[in-house]
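Okay, so subunit A shows up in both of these, paired with subunit B first and subunit C after.
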Partner chain A sequence: MAEVVARAGVPGPRGRLLEMIVVGAAAALIIIFSVAVDGFATAGNLGVMLSNSASLVILSCGMAVVIISRGLDLSLIAAMIAGATTFSTLIAAGVPAPVALLVTIAVMIAIGLANAWLIAYVEIPALLATLASAMFITGLFRFAILRGEYLLLLPKSNPAVVFLSGELMPGVPTPVVLMLVTVAASWILMRYSTAGRTIQAMGDNFQAARLTGLPVRTTTIVVYVFAALTALLAGLVMSAASGTVDFRTVTNGTLLFDVILVVVLGGIPLRGGHGGIRNIVIGIALIAVLRNGMTLMNVTTQMQDVIKGLVLLTAIVADKYFNPRDAETDTIGDL
Partner chain B sequence: MSADPIIRLEKVAKSYGGINALEEADFELFPGEIHALAGENGAGKSTLCKLIAGVIAPTAGAVWIDGRQVTLSAPKDASRLGISMVYQETSLVPQLTVAQNMVLGRERMFNSVRKVRNAARQVLQRLNFKVDPSQLAGSLSTAKRQMVEIARAVLNEARVIILDEPTAALTPEETDHLFDLMKSLQRSGVAMIFISHALEEALNHADRISVLRNGRLTVTGPARDFDRNRLISSMIGSELKQDTSAAKAVRAVHSALPVLRVENIRMGSMVNNMSFSVFPGQVTGIAGLIGSGRSEVAKVIMGHTKRNFGGGRIWFEGREVRYNVPAQAIADGIAYVSEDRKFDGFFETMSIADNIGLGWLAKFGRRRRLAPLSRMRQISQDWEKRLSIRCTDVDQLVLHLSGGNQQKVVIAKSLAQEPKLVIFDEPTRGVDVGAIAEIRQIVRNFAESGAGVILISSYLPEILDLSDRILVAKSGTIVAEFARNEATAERILHAAIH
Partner chain C sequence: MPGSFTFSSLPKQPVPLVVVSPRRILADLLSKGWVENAIPFIAFVLVAGGIMLTTRDYFGATNLLNLAQYATDGGLLVLALLIVVAVGGIDLSVGSNFAMSAFVALYCFHILGLPTPVILAASLAAGGLTGAVNGVLAGLIGCGALLATLGTMITVRGLYTLASQARLVEISTSARVDDLWDWIGFERWLGLPVGFWALLIVAACVFVMFRQSRFGWHILAVGGNRKAARHGGIQVKLTIFLAYLLGGLVVGLAGFLYAARQNSVGSDTGVGMEFFALTALVVGLGGFVPGRGAVLSVLVGFATVYLFNNAMINAGYRGDFVQLSMGAILIVILAADVKFRKNRHRLLASTYLDPVRVDIDGVKGMDGLMPHEIRPKLREAEILAPGKLDGPEDVILDADGNLYCGNRDGRLLRLRPPDYSRVEVVAKIGGRPLGLAFDPEGRIVTCVAGMGLLRVTMDGAVELLTDQTGRSLLSVQDDTTIRMADDLDIAPDGTIYFTDATKRYDIENWGLDLLEGRPNGRLLSYDPRTRKTRTVCDNLVFPNGVCVTHDGKFLLVASTWSCSILIFDLANAAAGPRVFLSGLPGYPDNINRASDGGYWVALAGMRNPIIDQSMKYPALRRRMTRRVPPTNWLFGNLNIGGVLKLDGDGRIADALWDAPGGPLYMITSMREHEGSLFMGGVTNNKIGRLRLENADNGWTGPKSYWGEG
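== the complex of A and B ==
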């Protein structure tokens, strides 16, 4: 019995192997791009890479927390757009930025609560609940605020927009600082808070977490509200940088796939339980380098999508290979 | 009975990861014979049937069919040789019609709906089954689904039909009908094996009976050589015949007030007006067969599953309670140690420290925002010593421990919550022999510390050894109660079966 159990799919050293492969792949890409691509290995490009990745990293932190709890948030990008729309509409109407921010945060908490309520209390699978809420949110905001348009222009001169797209200190862009703050906050949440431990436990074995008496419903609320708040932050950073809120980000879907790509590539399996914020850093390293290098090489976005698809597929196959589900352990109790 | 057996098993054994489900069984089945298999839960009856039906492959021994040695590696091998199995959980596809189910797996490339239906109707009529072949299988009652499965076996010209607890879900009339049918199949030369917990069925309807105990086929003989008592004593083994518990006095005195009282709990079809009380300082054992509603009532008490609307009342420490989620029960001081630790017991990606620590943390509910990691570790180390969990240190993953030590971690996770009542559901299932005694001692010690203990176990010696009071559950109701000194294996088994 002991031997059988020990042979089962163990997230031990072999699980770490996937992380090491991704780190190795990122390192290899850095070396290749440095040699082959002009202007890759410069301080300026590093800054561009970090700034461009900021919103993706922030979103991935939110998604990682959701996925570790064995959930999925397909409404993340819709929530991001909703947050950015609310905030920009308010400041365009002359509402002071702090008030606008508070109102927007309230909207995001409402979105997170709605998702969590559907999942934890109505007990709808996270995939369906968040898919429905994503469609609802997108439709509602386009109808109510944009009157059917898909683009919202930000007041570029507004101090809030200037702050978000500018630099906090000379050479330190605000998005990068916000990104680091989000990573640190997520790390503390997952590592040191009771909710973080419960999230890990829920992803590992939901029934056991429930029977142990962990507050699984409250924690589900924490998870989806946290995800919605990261979505808000990412939305502010992204729209301030581009000067627009673009609803096509939701409808063409690639950003959502990028986020899931980062999470899975970092070594967090979609069934939850495993991994932490470290995995996000690993996943983002590969994707950011790949994206930046390919753009510098003038690879078309269509071709970039093809390559990202292949990378994701490779990661999933590798994950299946390194973290196998042992059929024998599933049937062992069946005497 | 003709001289040549249709099936002969020679020293057939099956083990799962070192645990023997069946050891060196010799078994013969003759054409036109009705053969009953008797034994307690986990004695190896289902394993034996699955081996014959080709569902599982033996780890040792030989299978002979019609005098030729065969290897049955899949159910279709067995079905080609004319062996069909009717499962306890019926294996019909609910979305297909009765006729489609009956030809399932034997369709030709092109099927005429009408021809298939006619063939099915012919068989159903011949067997005198009142089932419409064009009805969806999902809309049939359990009894009718079973009939369809038997009809399928007949349509497939089965020479051997294996029935796994065919009468478990049937009414007395349906049971009579089933045995009439078996008799008529017998006359046409079909051999049948059936598993039954109702001993009278085996005694009255079988030609021969085989008894299994702890994975061994202990005795086979003509049904007329058996009577109730001989059957029961061969099921539970002679070593248990002398009453071991008579000498022991009830260790704990009844406290005036029960720590837990449940009244008329009803939940679906599993729990049916269950009522009992649990007193502090005692182990209250609940014996019964699998499916008698014991785990289900435990989960209702915990708030893990919902009882029926208006389905009974629960008092804990004199206060009426109704938990919506287990967290509330835990906060009040009730803990449940799961019967299937891998399914809902421990967190496999986590260390011993995290598992026990999370149990301790859960008691505080939402009051602690930050997890005190060093305190959690310290508490786990304390419990590791108290329950002598064998591990390198508390940072070891629970998955890497042996079954017994995993179980100790699951128990420690609950005991760290300082509960006033613990429900132990099959605490020694899948546990290595050495740890069984230790875990039983943990259960006893916990009760002697003054807390209430409910022990659910299908293993009678465990119930007899540990319990101060023994309740017997049957079909979702408590049917008998024994004090420690009046309980015997025979009396419990008698109550559990009738």
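== the complex of A and C ==
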């Protein structure tokens, strides 16, 4: 029995193959960029790469947990922006940072609960529920807080912003620490908690999990609240680094796309059930190297999008091959 | 002792013209197929009504034309998405694809200087290319549609931004003018903008495709159930590919029309269009439903969202508030749809049974004849063909003494005299054969539950006489089809009178009709010469047995749950029935002629005081059917039955009771033949025969009806 439980998250040999290919591709890219691009293989660039990837990693942890549970959270970026907006509005209004943080956490839990309620209790397919809630959240925050604007500027001198964008210890940037904390938390959640085991069981076979009496509804709440909290952390990191909260991040869809790209490239099948934090590390390695290298090579954002789009298309074709699925038993949510 | 009653002195039986009940209307609406389409129409009416109340002149001709001009691209995108969703996919790339197609059109027009038809072809090719890529990924390879189209969405958007940034200045400074191009972009034809005509034509084509074409049906089949479609021999992957391709072509057309109208593109062209189209689709379909090609509903949904958007912006609300409201509407519709779909059948099941208060006359005219007062005469009955039959509801004998009866398996059987032990199959009818009668030509006419009125010749040929009658006025449920044809008799002029015992329950649920107690049945007539079926009298309480009186002028109809026998004047059936006999001690089933000018009435079961009392409390019966398992319901006693002998005036002359332990139980029919009474039962596996004292030993049914010939 113990052996069965221990094997639950391990994909078959073919799933491993995709991971190896991605690791190989990342390694090859690192070698190519190191040779071809000046300033790629430096310690400073490594630090930049880590800092720049922090928010993406944090979001990917949230998305990975959702996808492993056979869900999908398209409202992740909207939640991220909502969290950042709430926090920055509060600190700009002079509320002490800890209080502001507590209020924001409450808001994010509410968002996570709302998503989970729509999915687990109202039983709307996750894809559609989060699509609609993304529209609702973005509209609500732009309407109620931003009064129609796209951008919210952060008070640069506020100690909270300085703390979030600065270094915790010399040489250790706060975003990187937050990233590591999130990764550790996700790892503990998936590896050692009861909820993590239930999440994998739900992803593997939802009906079986439900019929064996696992608390699938409450676990869905855990999943989406966790995702919303990662979105909060990512939002804080990202807005502190850039000094703005930009609602166009939601509308242009690039960040959401990057997050899904990381998860899929890391080898977590979209049907859920398999995967862990290792997969995120693998996925992020490739994407971070690719982004960083392309930026150093002065590739435009649009061209980067095109290249990432092609990488995603390749990845999902590979995913189809390595994690074959039976489209005939699909339900509406399994698009 | 021939009948000496006067019809006009019998009490009238009131028959309601219409049965109106809110619960029944709700139940009937819920069982309609179109009830799911009601959501977009209600939403549209609400939005249009709201706009009409708040905005003046919104629906004026100028504004409508203006709206129509700009509705084209959105409408086409929704149709493209409908095609893809109908096949079971989703296409997030419609917005990017739309922008790209528009750019291709502008590039071809302003920079390459091509003629307009070639530009159209180029736009279609551009749209079709993205559609084909989606189709290859999601259809031929079988990747997840959401991710695949998300990938193409980002890729095409990136390519579009690169291309349009490089060429935008050149395009906007070009001075090329072309008559056809401008006509498509700005002119009207027959009062409507050209682009809007394109939308209408495409909508009509998609409509016809889903309704009439093989390909459209394949799309719906694949979207409905992929496995079933494959087992049905449909090329699933190819169909999905073609659906994406077709969706891409429609998007290409939308891009072309947009380019002709706007003559420019911007960095935000088509951004968010996929979400707009998806919202319109969800509103239109009342949820996200693959396998449905409801073009009209989707267009109504599109009009709702489009008008709502437009009116809110006009009224000064900002885009963010509109986005907020659309998100909220989307959530509400999705939630309502999911809950409605999940609970519709439960709601239907709990509202379908709709009991009503029924007052039944107390037992009358049975002095000295009740089971505890006389000996059970059927105990002496001889049992024929035990175990060889299954549910002979009716029995009939021809002049030679051959016995015919229906069987539960849908066959018509014959038993030959004198020992009636061997069973032969006359015909395989199907359904559940119930009442039987001989016509003048010696053929058997039979009522078959679930099928209608059929005629069987002695060589086994089966002919359907009728299975439909006229629809009753003000009925929500379509009651044209005869649901439970029960018993029949043939008047001297050849007209067949037969009953449809209940319009609301199938034969396996006839018990529910008792608990409902409503007048759900009807008396019908079929004229073999004109082949016309007519409803003689609607809204009767479980009309069951039918018998033409000995003089051929009247018709007796047993009304089972009201424990009475009605009588119709065949010369003036429209005047309605009168009560021939009421207050029977049990539930009357078939009625047949007796040799002495009286009638035999089968009692299928016995009343008891508890069920009689509960018939006065409809709420009790409703709660009982919802809370208590069917085996524990209060019901009439069907374990014991009997046969009543009436004289020609409708007085009960004698009662033949079954003994408490059988042998015949529920008796539903009996026929007198040469001094014997043959009895069948709908749940029996045998036929009973009882020698009658004082009966005319030469009397047979066919002779009584059609004479010696």
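Operating definition for what follows: the second predicted complex is superposed on the first by the 313 of 335 C-alpha atoms of A that agree within 3 Å, B and C clash if a C-alpha of one lies under 4 Å from a C-alpha of the other, contacts with A are read in each partner's own complex, and residues count from 1 in each chain.
Everything that follows uses one rule, which is that a contact is a pair of C-beta atoms (placed from the backbone, for glycine too) under 8 Å apart; a residue touches a chain by one contact, two chains touch by 3 or more.
Keep in mind the model is a prediction, meaning the values are calculated, not measured.
Undergrad: Please work out whether A:Thr251 is in contact with subunit B alone, subunit C alone, both, or neither, and reply first, second, both or neither.
TA: In the superposition, A:Thr251 contacts subunit C only.
Undergrad: Counting only touches as set out at the top, which of subunit B and subunit C does A:Ala201 meet: first, second, both, neither?
TA: first
Undergrad: Where does A:Leu118 make contact in the superposed view: on subunit B (first), on subunit C (second), on both, or on neither?
TA: The answer is second: A:Leu118 touches subunit C but not subunit B.
Undergrad: Now for A:Leu127: first (subunit B), second (subunit C), both, or neither, which partner does it touch?
TA: Touch status of A:Leu127: second partner only.
Undergrad: Output check: A:Arg210 vs subunit B and subunit C. Expected answer is one of first, second, both, neither. What do you get?
TA: A:Arg210: touches subunit B, not subunit C.
Undergrad: Contact-wise, after the overlay, does A:Gly148 reach subunit B, subunit C, both or neither (first, second, both, neither)?
TA: In the superposed model, A:Gly148 contacts subunit C only, not subunit B.
Undergrad: Name the contact category of A:Leu168: first (subunit B only), second (subunit C only), both, or neither.
TA: A:Leu168: touches no partner chain.
Undergrad: In the superposed model, which partner reaches more residues of subunit A, subunit B or subunit C?
TA: C
Undergrad: Please work out whether A:Ile316 is in contact with subunit B alone, subunit C alone, both, or neither, and reply first, second, both or neither.
TA: The second partner, subunit C, only.
Undergrad: For subunit A, which residues belong to both interfaces, subunit B and subunit C?
TA: 328-329, 332, 334-335
Undergrad: List the residues on subunit C that touch subunit A in their complex, please.
TA: 88-90, 137, 141-148, 150-159, 161-162, 165, 226-227, 230, 271-272, 275, 278-279, 282, 288-290, 318-328, 330-331, 334-335, 338-339, 342
Undergrad: Given the complex with subunit C, which residues does subunit A contribute to the contact?
TA: Residues of subunit A touching subunit C: 72, 118, 122-125, 127-129, 131-140, 142-143, 146, 148, 251-254, 257, 260, 264, 270, 300, 302-306, 308-310, 312-313, 316-317, 319-320, 325, 327-330, 332, 334-335.
Undergrad: Using the touch definition from the top, list the residues of subunit B that touch subunit A in their complex.
TA: By the definition above, subunit B touches subunit A via 16-19, 21, 42, 47, 302, 304, 325-327, 329-331, 335-336, 338, 340, 342-350, 354, 357-359, 361-366, 368-371, 373, 397, 399-403, 406, 413-414, 417, 430, 432.
Undergrad: If we count contacts the way the header does, which residues on subunit A are in touch with subunit B in the complex?
TA: Going by the criterion above, the answer is residues 1-6, 8, 10-12, 192-198, 200-201, 204-205, 207-218, 273-274, 328-329, 331-335.
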